[in-house]
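These are the structures, in structure tokens.
Each of the next two complexes has chain A plus one more chain, namely chain B in the first and chain C in the second.
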Partner chain A sequence: MTPDTTPSTYLQSLNRGLHAAMAADEAVHFAGEDVLDPYGGAFKVSAGLSTRFPDRVHTTPISEGAITGLASGMALRGLKPVVEIMFGDFLTLTFDQILNHAVKFGAMYGTEVPVPMVIRTPMGGRRGYGPTHSQSIEKHFCGIPGLKVISPSHVHAAGDLLGAAIASETQPVLFIEYKSLYPLPLFTGSELLNVAPAPTGSYATRIVRNFETGEPDAVLIGYGGVAPLMLEVAERLAEEEINVSVVLPAVISPLDIAPIAQEVACARRALVVEEGVAGFDWGAEVAARLHETLFGKLDRPVRRLASKPQIIPTSKDGEAGTLISADDIEAAVYEELA
Partner chain B sequence: MIHVMRMPGVNANEDSAMLVRWLVDEGAAVKKGQLVCEIETTKSAVEIEAEADGFLVPIAAAGASQQVGAPIAVIKANLADAHDHLLGADGSPAKEAEKRWTKKAFIVARRLGIDIEALAKAKPGATLTEADVLAAQSGSPAEAPAAAPVKPAAVCPVQRQTAAPRAYLGVGQHFERVLLIGGASGAGAIAVEAILRTSHQKPAGIIDTNPKTHGQIVHGVPVLGDRTAIPELWAEGRFDGAIILFTDDIDDRAELFNSLVSEGIRMTNVIDPSVSIRTDVKMGVGNAIMSNGFLAHSAEIGNNNFFASHNVIEHHSKVGDHNAFGPGCTACGRVTIGSYIRFGMHVGIEPYLTIGDRCIIASGTTLTRSVPANTIVKARSTNEFRQR
Partner chain C sequence: MQKALTPRGSLRAMYETMALIRAVETSLLDLFGKGKLRGTVHTGIGQEAIAAGVVAALDLDRDVICSNHRGHGHYLAYCGDAKGLIAEIMGRPDGVCKGVGGSQHLHKKNFYSNGILGGMAPVSVGMAMGEKTKRSGAIVVQFAGDGALAEGAFYEAFNMAALWKLPYMLVVEDNGYAQSTPKALEQSGTLADRAKPFGIRVMEVDGNDAEAVHEAAETLSDHIRSGAGPGVLYCSTYRLAPHSKGDDIRDKTEIADAWTREPIVRARAKLPLEFCDAVDQAVATHVRDIIEALA
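Up next, the complex of A and B:
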């Protein structure tokens, strides 16, 4: 896989990643609703694919369950299917095909049977799409044995990650993109923030710090669409001499707690942020794992921050009041440090 | 009349648009309906019409993206006025308040028990940093002339007051300044301490009826006069919210609260950081909740209540307005408490009961049935004393 070298947006990076993956391997097929050019998918992530690879891009009827089942079959027969689900909210219709079929095939037909399929979908709100097109429901797919859930932030080379998942994974992958990240340029650092070195093109957890030397006062942990909020807070806190590390894992399930715990061990105070609704959330898993790993070594309990457990309103103001915001995160950091 | 033109929302899915170019020169005379600029979203390019007759002065530069609703130009009958209007056109804050210390400096000072106000006074004009505070702690006399130790901050989360503007949240120079009415009392002492233990409030001054206290410093806070001084202090911007702390005259307390609210004076809540507030609690304003209170899930508190220490309002219980609770009262689940009620100390209320308005409940009472309005409840058991 050729790594991204030109500056691009999160969306362009994903589009390039798809193009590169399809060019590199004829086994890669792409299926989804309204994915043919000139429309190129609801969010244009698949733009240009059907023109360039007309035999391997399949536009499908509106049946997420059927598309996912189709992909499982293709994967079992030696292809590498990539499925686009138009809105993450519609993943509910794929749940049976994932939980009771795709992730079971390896055990059903013997562990040698690979099921290399990637289901990718945009999550999240902040675009006024209302209750059923704005949710972040990936927590319901976390913790399924045999399913890897990946959700890159805009600090990751998103397209490289997608390419790596398509090329290298041998069991099903759920790839969660965030609509709010699509227009953002990939983040490589700013005047106040620096991205810690990490190997490119991998799933490595990224760490962004608002200080050059010294230790963090607090660690912010999150993934996907909350990354820009956390970076904004880190910039605000830099002006207040408060050191924070923003830790961004890409693989959110199963969770590798080691790189997160390492940073938290220095700060002894941590906050987990997510756009999904509060309660039985991803942050609960992170908090529990951190407490297991760092028992007795934290100054404060790990703090969970999530969107309000409510239906997301369509009105912009109502939506903004429901979803987690940078102000919420900033206020929580001060509370943890007070 | 000045007309401010704002970036229109032409695409429901985007909250910003690119201003591609201006079609008229700065200061040009324009007619309502004349095309003045071109904007572009990801879906379309649109020409924008002048919204009024007059002289147009662009605010937004061509080639830059603007938020929907952001001012892009002003149109004014008189050209000179149009220029003058530029500064405040979007209602943005004219000038940021002087930053006296970083939030980290504030936090470290609290942890070390250093009076950062005194440090800041010694260094007028400077923004105190963490290093300044650490230097003061190591005893450098030039840095810390009057650094009096204060009690360390409570190690517990600050209660979020959703009614307060964002600027008050957090630590540092953005405090909510609280005026304590009846604050020279004992209740004032514990309220001042509660405020000092939060990281988002500080006392602005005390109002008290006792003329002997006027001009004095009580509980470390200046007494600014009696209640006739409040409207002027508010008009001068001397405080951000007020709280009533006297409980001896409930009717007076209610009347004062209502008159302050009707005058547009903002009432606030003062909540000791040791108070535990659980989920879905609703609260009005003007409530003082002292140390170790507990508001359980879905409790509802009205306005202008005073809770002494160790009050427990259990889940789904409702409290009306203008009540005074002595220390250690407990309302079990789903209790309904009316308004204008005085509770002694250690009053217990069994679940599902209703306490009517204007009751007086004696200390040590355990209520096992509902109390109609205007009732005085005496405690049956009294202490018997006899010689050993």
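Up next, the complex of A and C:
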């Protein structure tokens, strides 16, 4: 698949990625709730697909568990299904199908059975949808053997990653899109921030730095919806001449710690940021892996930053007071550098 | 064992299948008792006519089977691979799934099983979607027990299968018990009617009568293969052996009575005695040879 070089928003990139993947391979089918044009999906990520590929786009009943099972069945019989779960919160209903079915077929029969399927879903808050439509629950799906969890930031060419997952993966992928990223242009750098050249690989970890020469004073690690917050903090700190690297893996499980550890080894101070709630979180895995990798080489313990462990209120102030913010991150960086 | 020269749907051929299943599963219980098997085994002793009758009605070159935790009979009816099955349950590398899957997780060609009840319904429907998309002409047949019909996944699957007229057949093996719980304590209404409001064709049959099962399965599979949409074959039967092993709390006279109406007794009444005895002897030798070779 050729890289998408047209300037676009995160959402447009995903939409183009889906169009390209379906155009490239007739085995690709798309299924989900309310995905037909003119509606085109609750967040319009699937816009235009049903018009262009009417036989391969399936609007489904409100049955998240069953459509996930449907995808497994289609994948086992030679198709490459992509399933849209309307809100990430609804992934709870897919858990049995993912854990006890989709990821088992590939390995439990003694020889590898291909199960090429992608479950994609919008995650996260900041849009006032309240306690059951704003969560970031992907941590519950991390650490499942056989499941790849991908959550690109807006620094990644999100649509290319989605296209690569659809075209190349032979086992199930959970693709987490952050709703708060949908309207943002893909980030390629700014006056104060530079994006390091992408290493090879479909889902390469991207690094954004607020300095040209020298070493980072601290490294911020995160994925998905917290990327714009971390970039904002990096811009603020640039003005204070504090060097910060923002490290953005796309594959959050299983985790390749090497590119993260490489940057952290220079700074010796690291903060892990996520929008999900604190406790038994993704940051705990990152911190543990960094401590294993860099034992004795860090100046401070790895600091975890997450949203408060409580429900997400609908009110603007209530939501803002619950979810991790740029101010929280900035304050934490100062504490770590103190 | 010699391949049957008789047509697959004949009572003689189905008797051979049933006898093989019975011999293998009886041996599995024996091996379990001797401590040769780990984990658990769920046998379908008494339910063999359903496996034999349904599978004999399928096109084995293309049709797909999704089985459950009680799937040895389905597997043997599908491919006759007693050695691969026994070795698998013994956890050996020469088992059909190299000892990884064990009793409840079998896969060979178009046969797949999983020990999670209900979850295979949407998967089977997805497979049916795949086959319909490929225009293969195949149908997907899922086996499930009466207890599993309490799982909600079935009703989501029924809805999609009927909505999209998918080539999906659910074979219900109603053996009256969900593990230890009798049907009356866990199912409301008429279980055989559960799929009807979806517009799904339901055929009810005596699941201990191999010929009746076979005839119904042929009728229903033709209907489904014609593109008319999914179907349910509802088979009444009785599980003669415990749910897994040695965990039977059912009434002993009820079990004894069921032994007089079980499918092999029923088939023997219609077949020449010498044929049946010869088959029984052949499968006994076949299974004994396998187990000796694996010991």
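Please note the rule applied: the second predicted complex is superposed on the first by the 332 of 338 C-alpha atoms of A that agree within 3 Å, B and C clash if a C-alpha of one lies under 4 Å from a C-alpha of the other, contacts with A are read in each partner's own complex, and residues count from 1 in each chain.
The rule we apply is simple: a contact is a pair of C-beta atoms (placed from the backbone, for glycine too) under 8 Å apart; a residue touches a chain by one contact, two chains touch by 3 or more.
Values in this document were obtained by computation on a predicted structure and should not be read as measured data.
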Ask   = Are chain B and chain C a fit on chain A, or do they clash, once the structures share the same frame?
value = fit
Inquiry  = If we overlay the two complexes on their shared chain A, which of chain B and chain C does A:Gly318 touch? Say first, second, both or neither.
reply    = neither
Query = Residues of chain A touched: more by chain B or chain C?
reply = C
Task = In the overlay, answer first, second, both or neither for which of chain B and chain C A:His29 touches.
result = second
From chain A, separation angle of chain B and chain C (C-alpha centres, steps of 10 degrees) = 130
Key: Touched partner set for A:Pro114, first chain B, second chain C, both or neither   = neither
Message = Per the contact definition in the header, classify A:Gly48: touching chain B only (first), chain C only (second), both, or neither.
response = neither
Message = Applying the document's definition of touch, where does A:Gly146 land relative to chain B and chain C: first, second, both, or neither?
response = neither
Ask   = Can A:Ala71 be said to touch chain B (first), chain C (second), both, or neither?
value = second
Request  = Have a look at where A:Pro259 lands relative to chain B and chain C in the superposition and call it first, second, both or neither.
outcome  = neither
Ask   = In the superposed arrangement, which partner chain does A:His101 touch: chain B (first), chain C (second), both, or neither?
value = second
Ask   = chain B and chain C, closest CA-CA distance after overlay, in Å?
value = 32
Chain A residues contacted in one complex by chain B, in the other by chain C = none
Query = In the complex formed with chain A, which residues of chain B make contact?
reply = 12-13, 15, 102-105, 107, 110, 129-130, 153, 157-158, 160, 166, 169-172, 199
Message = Considering only the defined contacts, which chain A positions touch chain B in the complex?
response = 127-128, 217, 237, 239-242, 316, 327, 330-331, 334-338
Query = Which residues of chain C touch chain A in the complex?
reply = 64, 95-101, 105-107, 112, 114, 116, 119-131, 133-134, 140, 152-153, 156-157, 159-160, 163-164
Task = Give every residue of chain A touching chain C within the complex, in rising order.
result = 29, 58, 60-61, 63, 65-79, 81, 96-97, 100-101, 104-105, 107-111, 113
